[in-house]
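Got a structure here, written out as structure tokens. Questions coming.
Which chain is which? They are A, B, C and D, in the order written, and residues in each are numbered from 1.
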């Protein structure tokens, strides 16, 4: 079992060039997602999906980036990607074992196994994995599983011109990220924080192998503030189910034993 | 000249192939997603779907979203799944009733038992068919049994359905026989009852065990709702068929309890969802709201009609139909409102900000800003 | 199609699961398929890797072109480049599609005067025709001297545009040939 | 990357050069201050420390303001300025500044409609030669390299002399006050002062900063002066020739630098040797005389020229026939792109080659471009796919609208598919003068061929065609042209390395590659295709193909590929050391004098005569490069100094002066002279202009630009789905205020109009477009990317349907970054019109004279540029 690998996406270094999106499409040879003018700043790919495994969000805000900046405007970029959660909804819900936890700690969909049941799609609290219209099965970022096997770094991280996307051993990334936040706070960027860096930061997923440095509320980047892998709560449902089953049996037996008699 | 002319009309605009437009004579496509199917027209397709953002590109300060785009991907399930939920429930409940009916002196209930097993057997077959129907790659249905993955409700469901099928088949085929075979069949009947109970309720667990805010909020009540609705399904179905007085009374009791509980569960579900108003929206507004109300109304009237004394055959049929429709519609409605809920990013955001995200299990929210 | 091995009882992951005593069946060691096991980067299969330079802007990022069976299988950044360290911008990252896309024409097309359509002609024919056009125009529009008798030795009838996307060697031959033909109107994007 | 401040102005670096921006981000993380000056808030602004919103086209006012600030606060780098620049030089008595002449310099010639540069010269230096250079209107006006025998005779190291450059500078910029900057550029004073202060604080012995620009500066009618002003600032601050310093140009095409060094440009021969001018260079003797200054590096000129002739005409070139000098054609004026197009439209040009370019989309005034193409006899287009230029005859806008019928277009068109860079060997020269080799990976598909192959085989055919006519002198060049490159491969293409070897140069005797340009001779014993590239193939090794990983060498990475000249990575780097040859500071050391080795050493190849000690002073009789003293870093300048004041070579003034664009919304607040008096105009019915300012019909500023996701005219991006999906449609960007004013809705449609034409585009309403306040008046700016047109996967109208022919006088680059126009909601529909199909806006009485001061108006009618102006008043 190799060391756990992951991404640290530092949005303060992102220039919104979308190199990651294209590099990903090139390496994985994904089709385009349609030519769609959205009117959403420079974002025309809108969301992660079956054919878009990296997506750069563009946020225009009527406030300065930090108190140090002049003017009353800032433009945030953030390259979103599958989080490869430590507790992954898609993984735990996959009935076929098509989705697996790899030796690098990443979450991988085996295209030759997936039968397209669609359960992973509703089980992902980040809306990452999806099925394409014409396509029968579920797709998402593989953390370039094939490249990792040859000690090559993922295509997006390699292409990223400004080192906004950093790839490496999760532990090192976490260290580096903490340091980075400290530096930013010193420089006056007090609203900088890590999203999902550790289990403490995000108990619902027990930490993301692909975590982020953000400058505003998660919602602004279309990230959930307190996501939770559904299976953490499934116990309640099973108990309810068990109780119902028991009750059903009781009623049935009762009905059989007493319900049949003619009332007088 | 033009006789020999090769026409190059197409070259006015490039020819789309598979949205990659790679010339296979000069390049090979072997990337991980090289097999992903995409017609060249996927583009136009997407065009139709997405609506253009009309306002200033700027998040709302106090209640931000990303251009009001969905956070989650909506369910890809089609009609087959809610139908499966209904049929599966019906089957399960029938097997339970069948098992119960095997208890004690069964002389007077043979026809009932037989009918239950027949429904059970037919049910599992249809259920399996529906399941396959909804798969993106039906040919790979057997992969459902590749592993035994407790965390995956659907995997559990697959095994449950598997078991139910075998047992229902056993009960249906063997119980009518004589001697040991009958005893085996008898056993199958009981065992099928156990699996049936699971089959009737696990779909509720499956639906609740998702990130869709409304379903998530209803995860405790959904198994109950689905279970009791299964009971009523059986009850109302038997209403439609002539029975011996005893069987009628018996199934009616079974069904009525289920129907009453179904109605109650629906009310509870709405209440629970409404704890975070935004989450309950789909139940109150638009098509979802209408369907939800209609389902309750159908079940309710069916119930009342059934409870009124002096049963004429027609009235039984009417109440039976109403009840059945109620249960069926309920399944479809739950499906629909879930889809609507998945489209609403704010539903998730509000829910989690209100402490119903991870905080529910971890006791503390992780949101920093 | 259904995965055969998943039918064949021995290769059935469930069997493996029981063997491994794996309760959750989440790990690749249990649920992994044969394909997954043998998965590797396609670049590993490449017959050769060719050093190249990004054809888009003037930053000049290094590129590596992976070839298998005389076909391109991948183009990505060259980590060794001191300029780009293996990075590419979106355009550079799309180079694979640029050079292998179906948009690329492989035929020589000819549009006769007043025609409404292209027609396909052989490369050699086209080259001959072009050479003849150049000669004709040059001869017809040759200027030897100005009225003042200043030397011209040129033709203003033929002009050229383009070069910033070409190689130095190509620009050199263009300049060399056209100047010797007496063509002065040689221009490129540098002015645009 | 080593800079302490980086001013990005006239460039959107993060968007157009993301990978180069990697180093800016590194610098920012190291604590450098990144300042972005731009009309729009772009992706660059988003990550810059400071964004300075500026009115498009007012940069000189801003930069001039900074010059003034540096001088007023005495923050200039004294040792550097006194010794390495011409600040101390004393200028002729006859010089008059714009201060005295309300926006004109002395020497404006009414009749010629251009400047006589005599009065700008150093005192005591004979200006004749300089004047000579100008007479012929050779395109090499303003060409960066100086050849006149110029060295300031009189200097005043105290910089106090009233006529010394330093004092003239002071006077010239005295009116560029913070108040004025605010008035002209709309930049708030506090912001301006903040920037100026940062520049000063981060310069000096221990700190350096860089200016970065791109076409945001060049594409103006005063483009060259924009860049000059930055150079002035950098020289004052001592930021040139040092690590982290400089004025960097970011160029848009893979080999656009190369295509200037080995020019596919009308006015140059390889290596910046000037093209022959009919009027002056009547024979070799005069040509060499005019181009060989007795001082400075260009003293070597004859060696370079004669070696070039040997390379081209081989044995045929001998002393007796003046090295085939008479084989070369001559210029009679400006023959640049826009004139070519105009000549096409007028039927002068009959045949046209277009290789890897798409002028119909990428060049000014699309309608006029197509009009030109329609008049051609034949057109050859070489590209990957049918571009708008190749298909102009069947799906151009005017065809779609039925104004022009395909069957009426006479042009005969050849389309030849081109090979991609992966299908041919060759070298690109990047924006840092670095030659990098790309190897052939696969064979080109079908009939696709490299341009090398095309030109080579075209040449072979022409040699055949002319075989019987070789007796005619006019055909001798073709006869004697050395064209015997070895061919290879199944397509037997010419060997690119053989061509590179010729470019590098070789000895005629044994055909051995030469070491570098220092070993070139003027006796015909050496041949060299481009002297500045000499050395790229030394010892028969293709230096440009070197790919030694950067982690195996120092940060200069001298062993990666090859940079001209002489593999120098930072030119004029002698300036990184002080007078004694010691680095100005440890932190900024680059090259230095090693007393033991008795030569210059350092991280980079020293850009000076390596064994010449700092204390060397030339003797009176020194000639050529011997005149360069040990403290003359700028070896390409005749006097080895950095030129704050350009005594000769620039057409439109020795010092940058603020002029309004051809089309502006305001009157020039600084001078009576509205526009650059020397700008080139094309006054034609098919190229009309708006009023110089306050044109009621066109109240907004338009500015064109690029996006990360597409490449220039889109020929290499609009056909790729991976890029197209990222920016799928033509759009324009407007501020919320303007949107309100004109009723535009985000995501909706708008029609943008100039007198040349009108286009429709989707609207992006955004706070990134900031309206600037000029004298309390709100000036709205409209942003229009120019990537799209009628073809490709993603389409839209082309921005250049709106732009006009008007150009900088020095380099004939057009003005597309600042013009005026109008915008209204809704699509254009059928009624859309272009000037080529008749005017469509209401006529106004022409007020041309408001563009110039009275004397600047008289422009004679000669062939080209503004001289071609048919003075049609009211041609709107």
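We adopt the following convention: a contact is a pair of C-beta atoms (placed from the backbone, for glycine too) under 8 Å apart; a residue touches a chain by one contact, two chains touch by 3 or more.
Computed from a prediction, not measured in an experiment: that's the story for all the values here.
Undergrad: Determine which of the two chain pairs, B-D or A-D, is joined by the larger number of C-beta pairs in contact.
TA: A-D
Undergrad: Rounded to a whole Å, what is the gap between the Cα centroids of chain B and chain D?
TA: From the centre of chain B to the centre of chain D is 67 Å.
Undergrad: For chain A versus chain D, what separation do you get between their C-alpha means, in angstrom?
TA: Distance between chain centres, rounded to whole Å: 46 Å.
Undergrad: Using the average of all C-alpha atoms in each chain as its centre, how far is it in Å between chain C and chain D?
TA: Inter-chain centre distance comes to 27 Å.
Undergrad: Averaging only over C-alpha atoms, locate the centres of chain A and chain C and give their separation in whole Å.
TA: Spacing between the chain centres: roughly 35 Å.
Undergrad: Note the residues in chain A that touch 2 or more other chains, in rising order.
TA: If we look for residues of chain A contacting two or more partner chains, we find 17-19, 21-22, 26-27, 31-39, 41, 60, 62, 92, 97-98, 113, 145-146, 161.
Undergrad: Counting only residues that touch at least two other chains, what does the list for chain B look like?
TA: Answer for chain B, listing residues that touch two or more other chains: 8, 11, 14, 19-23, 25-26, 30-31, 43, 52-54, 56-58, 139-141, 143, 146-147, 149, 151.
Undergrad: Where does chain D touch two or more other chains at once, residue-wise?
TA: 18-19, 22, 385-386, 394, 442, 445, 708-709, 719-723, 725-726, 746-747, 764, 766-767, 793
Undergrad: Chain contact graph: line, ring, star, complete or other?
TA: complete
Undergrad: Using the touch definition up top, name the residues of chain B that touch chain C in the complex.
TA: Answer in residue numbers: 1-2, 4-9, 11, 14-15, 17, 20-23, 25-28, 30-31, 139-143, 145-151.
Undergrad: Using the touch definition up top, name the residues of chain D that touch chain A in the complex.
TA: Going through chain D, the ones touching chain A are 14-15, 18-19, 21-22, 25, 29, 41, 43-47, 49-51, 53, 191, 194, 707-709, 721-729, 731, 746-747, 762, 764, 766-768, 770, 793-794.
Undergrad: Can you list the residues on chain A that touch chain B in the complex?
TA: Its residues touching chain B are 27-41, 43, 46-47, 49-51, 57-62, 89, 92-98, 111, 113-119, 121-139, 142, 145-146, 191, 193, 195, 200-205, 214, 216-228, 230-234, 236-238, 240-249, 251-257, 259-262.
Undergrad: Which bits of chain C are touching chain A when the two form their complex?
TA: 3, 6, 13, 25-28, 30-33, 35-36, 39-44, 74-77, 79, 84, 86-94, 96-97
Undergrad: Contact residues on chain D for chain B in the complex?
TA: These residues of chain D touch chain B: 385-386, 391, 394-395, 442, 445, 719-721, 725, 736, 745-748, 764-767, 791-793.
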